[in-house]
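This is the structure I have questions about; it appears just below.
Note that the chains are named A, B and C in the order they appear, and that numbering of residues resets to 1 at the start of each chain.
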């Protein structure tokens, strides 16, 4: 319907925006990164050279607008350039290897964080005078202020190094070759436990605060009073009348929250050397692998926009005023 | 033979704790509702009428403190345990709130909001509960085909009717209606009130009709009570109160509107503003604005005294002429 | 000229109003006190930890002791000195970023709300695009191409972060601009600029304070993240850079907890303090959000309450419906 189409259109504009930023950065940045880039590349085929030239504007004689069109065209074909670190692998192939790990980590953390945070938010708003609110709310505010990567370091130190409950780093035991066996699955979960826990702990605070605020607003509405007057069970009032309505603004803000949580997940991956896009971003920054850095921006943006679109679809399901205006 | 007393309210007071002190929104209010009657409650904004309405079902916010007694068929509501309270709510007494159009859950269909209250109180299946919906909607003049609509798809008047339908779903003995027509235009007002009269004839429930519009209340009720500053200042048969208002406030209320075909009179404008409800007021709450005030009226709170048959007033002007009423409210 | 004096009068009066209101909330006082202590730490750095924090003063990876309260880093720097001096950079960059974001965000938000129409649509679209592009990757990409100094960081942070502020301001400004007194002012013939400063801005003041603090918090946190990844200034110490060196030196594996715990704690404390202040501002403007404390009333009130005391057993059904 119209709402979703409008959102889709907006996302197209957004991805175009990130591509444009990618286009102009190497051309506007001081110090001519393009030239240094070429020096650090190994021996390239003409096709590879052309690919790099388009992205980094090495064809200085070509008018800017034509460069732009060629660039967009090349990207539309999935050519994101050649990586320096992993030369001669293409950026696309490097990203492809890592993206599943991030999807797994991010997806699981998002889901758990959302469910726990929202449920706590409902609980805290429902029982507002009890000590629950005075303890839970400030503690989650504090936890939400902790930087993701720092908490990750602390968690690794305590639970992995000192207590030895979980592995220290990586997404799976690198001594073992991946397989579809049950033990490998367990191994993956074992390695994912701490990173997921880190992301969840920091993000729960955000969900809780948002849900609490909207829930408190909803609870002062007339339809809640009427629901209670109807003699309905308090659980039903809290969920079907309260939370169900409070979820709407929370869902609206979920799209933006996803962006932040993805950022946090990326940083967490760095600390855990988790084989996802975040770790890739880190190594590409330290080795100044510009093509990979830029490619990652495009792909991560695409991912976040995709998640936003899913959130939009969920919103349509939740809000009857949008479904049937 | 006196009618059966459904609801007995005795000395009901409701106080709210605020940073500035305790606000006594309802102060020592007593009345009785009988089976099948329409009892009107009139007064200006802030007089405590809505608080009384909510107190009867105990749905005021948590900072409210009750004292006194509210007995439904002999059972004390203010001390009822939660389970019994949930049974009492809606099945015995239901409430049509002020601004009822906002009292519907925006994300649930009309049907589901009727079904859930039926299933919360009886052991019928969802299908059986759904089967009861069309008839209920027809009762209030809504096309049953619209039962799967969401509140935002209906007009204000239709939503009002829906809320009334929900209020009648369990066939309660008493329906409290708080400003049922205030947010609607006059034409819809009349049709809703006529609808209500028809429903009453058919189902036989009692009504507490609350409104700031004394004319409306007087027209539709058998007995009328006037509230000011959280207290009852006059109670009596509607005809009697309108023909011969005893309390100066009631007089002022009546003279503040003009009738279309009655004699033209000067509109009275009440000076001053509604009383501050914080802290105990030493004398008559209406004293600062009363045209007939005498010195000494502000020293003691006037109690409700019976001046003529069934007609009581709380006013120092009548304190010598009356006999103290044992129980506020008497049948016609 | 008059507009300017009005604006200045507002800025002069605002802090006092804000302080008076903030004193009411417990969260606010704690947050403000915490922030004050941290700022003082940075200001008094030469007093608390004299000397150059980047100087190699002792052996590497020494545990905390009386000579080095927080131990030493992998290069032999005194961690305590680094943390104290790092306050300046972290808070400083955060503050400047906050100011920049607040100014740009408020300006854009106000323009969008006030002028409406095409301008509003364009600005909103621009803000939404910047909002939806994920922050960390954007920051990293931008920072990677720019020279490694504080100015780049501030610029990059502002570009990635102005949109949230703009959207919040616009939303509130819209509701104010639609109100009757603004329309009245315009109809009377007041110049637009004057209407903005006298009618709209004062009502936005608490929101502006709130987004300002939020922006500072964002600035501090995001800068730390960038420094952690090695993208910030390498000549000055900041909490994030300490963490960068800790990660680089494998502090975790060597068990050198003192190299990463202190900066993290200070980061968390700063952000928590700002969060508390923000929360308190929210509570002040929307009293319903307050945690309801059962206040013990004064004696006379207790007597009145006792008279009105419920004999009910308490429904205990949540929402505290009595």
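In this section, a residue touches a chain if its C-beta (ideal position, glycine included) is under 8 Å from a C-beta of that chain, and two chains touch if they have at least 3 such contacts.
Everything numeric in this text was worked out from a predicted model, so none of it was measured.
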| item | value |
| --- | --- |
| Chain centroid nearest the full-protein CA centroid | C |
| Chains most often in contact, by C-beta pairs | A-C |
| Separation of chain A from chain B, taking each centre as the mean of its C-alpha atoms, in whole Å | 54 |
| Distance from the mean Cα position of chain C to that of chain B, given in whole angstrom | 50 |
| For chain A paired with chain C, centre-to-centre distance based on mean C-alpha positions, whole Å | 23 |
| Of all residues in chain B, the ones touching two or more other chains | 59, 62, 85 |
| Set of chain A residues in contact with two or more other chains | 129, 228 |
| Residue list for chain C, restricted to those that touch at least two other chains | 292, 317, 319-321 |
| Contacting residues of chain A [partner chain C, same complex] | 10-11, 13-14, 17-18, 21-22, 25-26, 29-31, 33, 126-129, 133-134, 137-138, 141-142, 144-151, 153-154, 156-157, 161, 168, 213, 216-217, 219-220, 224, 228, 234, 237-238, 255-256, 259-260, 262-264, 266-267, 270-271, 281-282, 285-286, 288, 290, 293-294, 296-297, 300-301, 304-305, 308 |
| Chain C - residues contacting chain A, complex | 27, 125, 128-138, 140-142, 144-147, 164, 217, 221, 224-225, 228-231, 243, 246-247, 252-253, 255, 257, 260-261, 263-264, 267-268, 270-272, 274-276, 279, 282, 288-289, 291-294, 317-321 |
| Residues of chain A that touch chain B when the two form their complex | 129, 221-223, 225-233, 236, 240-241, 244-245, 248, 318-321, 324 |
| Parts of chain B lying in touch with chain A, wherever the complex brings them together | 54, 57, 59, 62, 85-91, 94-95, 97, 99-100, 102-108, 116-117, 120-121, 150, 152-153, 163, 166 |
